[in-house]
Amino acid sequence: MMERSGVEVRLENLVRRYGTVTALDGLSLTLAPGELVALLGPSGCGKTTALRLLAGLEEADEGRIVIGGEDVTGLPANRRNIGMVFQAYSLFPHMVAWENVAFGLQMRRVNAAERKKRALDMLELVGLGRFANRYANQMSGGQQQRVALARALAIQPQVLLLDEPLSALDAKVRSRLRDEIRRVQLEVGTTTLFVTHDQEEALAIADRVGVMQAGKLEQLGPPTLVYSRPATPFVADFVGLTNRMSGTVRAGAVEVRGTSIPLVHPDVPDGPAIALIRPEAVTLASDGEMEEGPLVGTVIAVAFLGAVSRVTVDLGDTTVLAQLPTSAASQHPAGTKVRLALRTDPVLIQREEAVPAAS
Amino acid sequence: MPFLAYVGFFLVLPSVIIGIGAFLNADNAFTLDNFRNLSRSYVFKATIDTTVISAITALLGASLGAILAYAIVTGSPNGLLRRLTVSASGVLAQFGGVTLAFAFIASIGSAGFVYLFAKAHGFDYYAHGIWLFDIPGLDLVYLYFQIPLMVLVFLPALDGIKPQWREAAESLGGNTWHYWRHVAGPLLFPAFLGAVLLLFANAFSAYATANALINQGQPVLAQQIAGAMSSEVGAFEPGFAKAIAIEMIIIVTLVTILYSLLQRRTARWL
Amino acid sequence: MAVAARSIHQTRRIKLQVFRYVVFALAAIFFLVPLGAMIEFSTRANNGSRTLEYWQSIPKYPDLTDAIFASLQLALITSIAMLVLLVPTMVWVRLKLPRLSRIVEFICLLPLTIPAIVLVVGLFPMYLWLNTNLSDSILTLAFAYVVLVLPYCYRAIDAGLGAIDVKTLSEAARSLGANWFDVIWRVIVPNISNAILNATLLSVALVLGEYTIANNLLYNNLQVELVHLGRDNAGVSVAVAVASLLFAFVLLVAIAFIGGRPRRVRPEAVTTVGIGPTAGSPR
């Protein structure tokens, strides 16, 4: 219905300090036109700050913001044409749903009839056509957030910003609304920045995921890559569960308990190191015979997660997590012995004494 | 429940006494004379004056108090300034009577240092008569407790305004004026209206201050009642006092009805 | 360009600060000048020099000290009676009779719209009877004062109760074997202590400043006595008035600071000293 492709958004070297706290420490990030980037990171790493800077709700100490080729660093929020969805409670309580959606159009002096029509269209788009005349306190949290989304999109923003829009909702509504947001975003094609600290959410919704730590971007890439090829140990740790197993680097590979696994970044000197291994890369050995060996251990816990189960195995000097199909895991209840194997997908290593080999 | 018994005895019973007594003459016989007497010119004038004073000080007090409350709210929520001003408001909202009147006489009265200072600098605010002891003076003095009362009543409403609303308005393209005109204004209006009503009732029932400041002519209704009740003035008319009391209740009730009509129109979302 | 962005936000912040300080300055002038005039007057000797004579001679007026004492007693009695009457009722209504809550609220807020002088008119015959048949002590005024403080205290306590989960708390206590007295006294009251403190304070401030009812029912409380005394010795009268204001202010400040400490009750309970039909916030 609104044929229009998004614009490019560039954050260049943004720095923002609050007193002695440096919330953003040289953040650079470019969003391609029409792209949805999810910003992921631990609490306090500066995600909200980045978003508010982009929206113009706060000022940058250093750096530039360029939207569609135009430097907007000095523009106030109300002249940036940016749609924003807040965590919660941002609907104006004295306006019904469609009046909320029409507010931005009113600010743009769209005439009343047109305003209402477009507001109702937007509500239809987010699937709330029937709720046009409800006040915020007559809607559920999920419905309110959808109205907020419609309101942000009604002004046909150049950029859409979402700050943990789903965090106040329960799990089921969350995943439904997440897909809904993605559908709408693809439909209107607005360049979108989505902040969350829920990695599953980020991986599920985004074209690219940016992982932040301490005011900086650690890695930016497609979800599959961020997950399977984390650029730094921090990313590996933060995105998904990771086993830390000690091993020895030798000629571009790391040897862990008798298995040689290639390295993501092979150009490192030999010596001891910690290999970061995903639970999915830990499997049951096919021969499964119960002899002694470096990867034989006792199952101490099985967590059922649906189609897969997460099995904790005690290997004597350490424990590892293995993610197995539930059918396989159910044959190895707690207390039984298993023999594991490691897949040879490239991994990251960490050196205890020095800076991580990667980066 | 002891509560209901108590309230029945000390709130309802007096009301009943007024309701019945207003229809009795000195010999306890039924009469409507007490109400006819309400048309006496000085009662009529007092009615108008009291209503006007109450309306003016309610509107002015509410507006100025709202501004002061906003200045308080924009500071730190647990700051020293806020605690001190709130505490001071709690005290001053109950301040009144002869000492309040005196405080103004001693400061801006014709012998007060403020007046002497202003006059010495060419600003003689009593050039057209000493209005302090008249209705304008009463208006000014009433503000001294109306504004603090407004601060107390209005702070919680201001605290309920969420910063997200302002940010949402801004990101949707609204400027500061738009925000006040379309968001904060309409949101606060019902609370403001309710506060105006409260301030009106407060000024309407004030007696001690008026009595202390103006002892000639009994310009406010409360003084008329006191006059009709006491034998000091010479006219002991208990039935008439009750009739004026009923008149006061009716006026306050009318204002309350007006308020709830306006409230219903402006606050459907509450 | 980053400089420009900074200036927009900074200009706004500076504007706001300027606005705030102008408002505070004007308010300070309006409220402090009359107070200052009183303090000045109460320390001014006839020849124009400073003196504490008026303050020191307060105890020399037995009528005055009696009135002060009576008013303090009234404040105490009124507060206690109000709490005993109001707290159990409001808890009970919340727990058992939610249908009645609107009626209780209406009754409690009623005195706001009934001018005190009107109340006097109705109470006058009752007090005549009371004086001849029971007691003519000034402390009987407390009966009327409880009604007067009802709306203010109702608001404060209602805010306090609204901030805790009365139902769960009392059910938990009941299941542990507490009777209703224990529930209110050991569970509810400690949890709304701030609200109770607030209500008490408002009562004290109101009773110490009350004039209309006492004067027209012909009792000599503090304010009435101040008027009498003002005719003979204005200096002492003003000194006492200043003292009673300061007394109430110190009490309220103390409460404000106790209230600011980490507390069990959520903040609403303390901020809502507010009263009136509207003290609620837009929701």
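The chains carry the letters A, B and C, assigned in the order they are written, with residues numbered from 1 in each.
The working rule: a residue touches a chain if its C-beta (ideal position, glycine included) is under 8 Å from a C-beta of that chain, and two chains touch if they have at least 3 such contacts.
Not measured: the values here are computed from a predicted model.
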item	value
Distance-to-centre winner among chains (Cα means, whole assembly as reference)	C
Pair exhibiting more inter-chain C-beta contacts, A-B or B-C	B-C
Inter-chain centre distance, subunit A versus subunit C - centres from mean C-alpha coordinates, in Å	53
Subunit A and subunit B, separation of their C-alpha mean positions in angstrom	57
Chain centre separation (subunit B, subunit C; CA means) in Å	17
Junction residues of subunit C, two or more chains touched	282-283
Sequence positions of subunit B contacting 2 or more other chains	187
Multi-partner residues of subunit A (each touching 2 or more other chains)	56, 76, 93-94, 137
Contact footprint of subunit A on subunit C as seen in their complex	1-6, 8-10, 282-283
Complex contact set, residues of subunit A against subunit C	56, 58-64, 71, 73-76, 93-94, 137
Interface residues, subunit B side, partner subunit A - complex	162, 164-165, 167-175, 178, 182-183, 186-187, 267-269
Complex contact set, residues of subunit C against subunit B	16, 19-20, 23-24, 27, 30-31, 33-38, 40-41, 85-86, 89, 92, 104, 107, 110-126, 143-144, 146-147, 201-202, 205-206, 208-209, 211-212, 215-216, 223, 226-227, 230, 234, 237-238, 241, 245, 248-249, 252-253, 255-257, 260, 268, 271-283
Contacting residues of subunit B [partner subunit C, same complex]	1-3, 6-7, 10-11, 13-18, 21, 67-68, 70-71, 74-75, 78, 81, 83-84, 86-88, 90-92, 94-100, 102-104, 106-108, 112-114, 143-144, 147-149, 152-161, 187-188, 190-191, 193-195, 197-198, 201-202, 204-205, 207-208, 212, 222, 225-226, 229-230, 238, 241-242, 245, 248-249, 252-253, 256, 259, 270
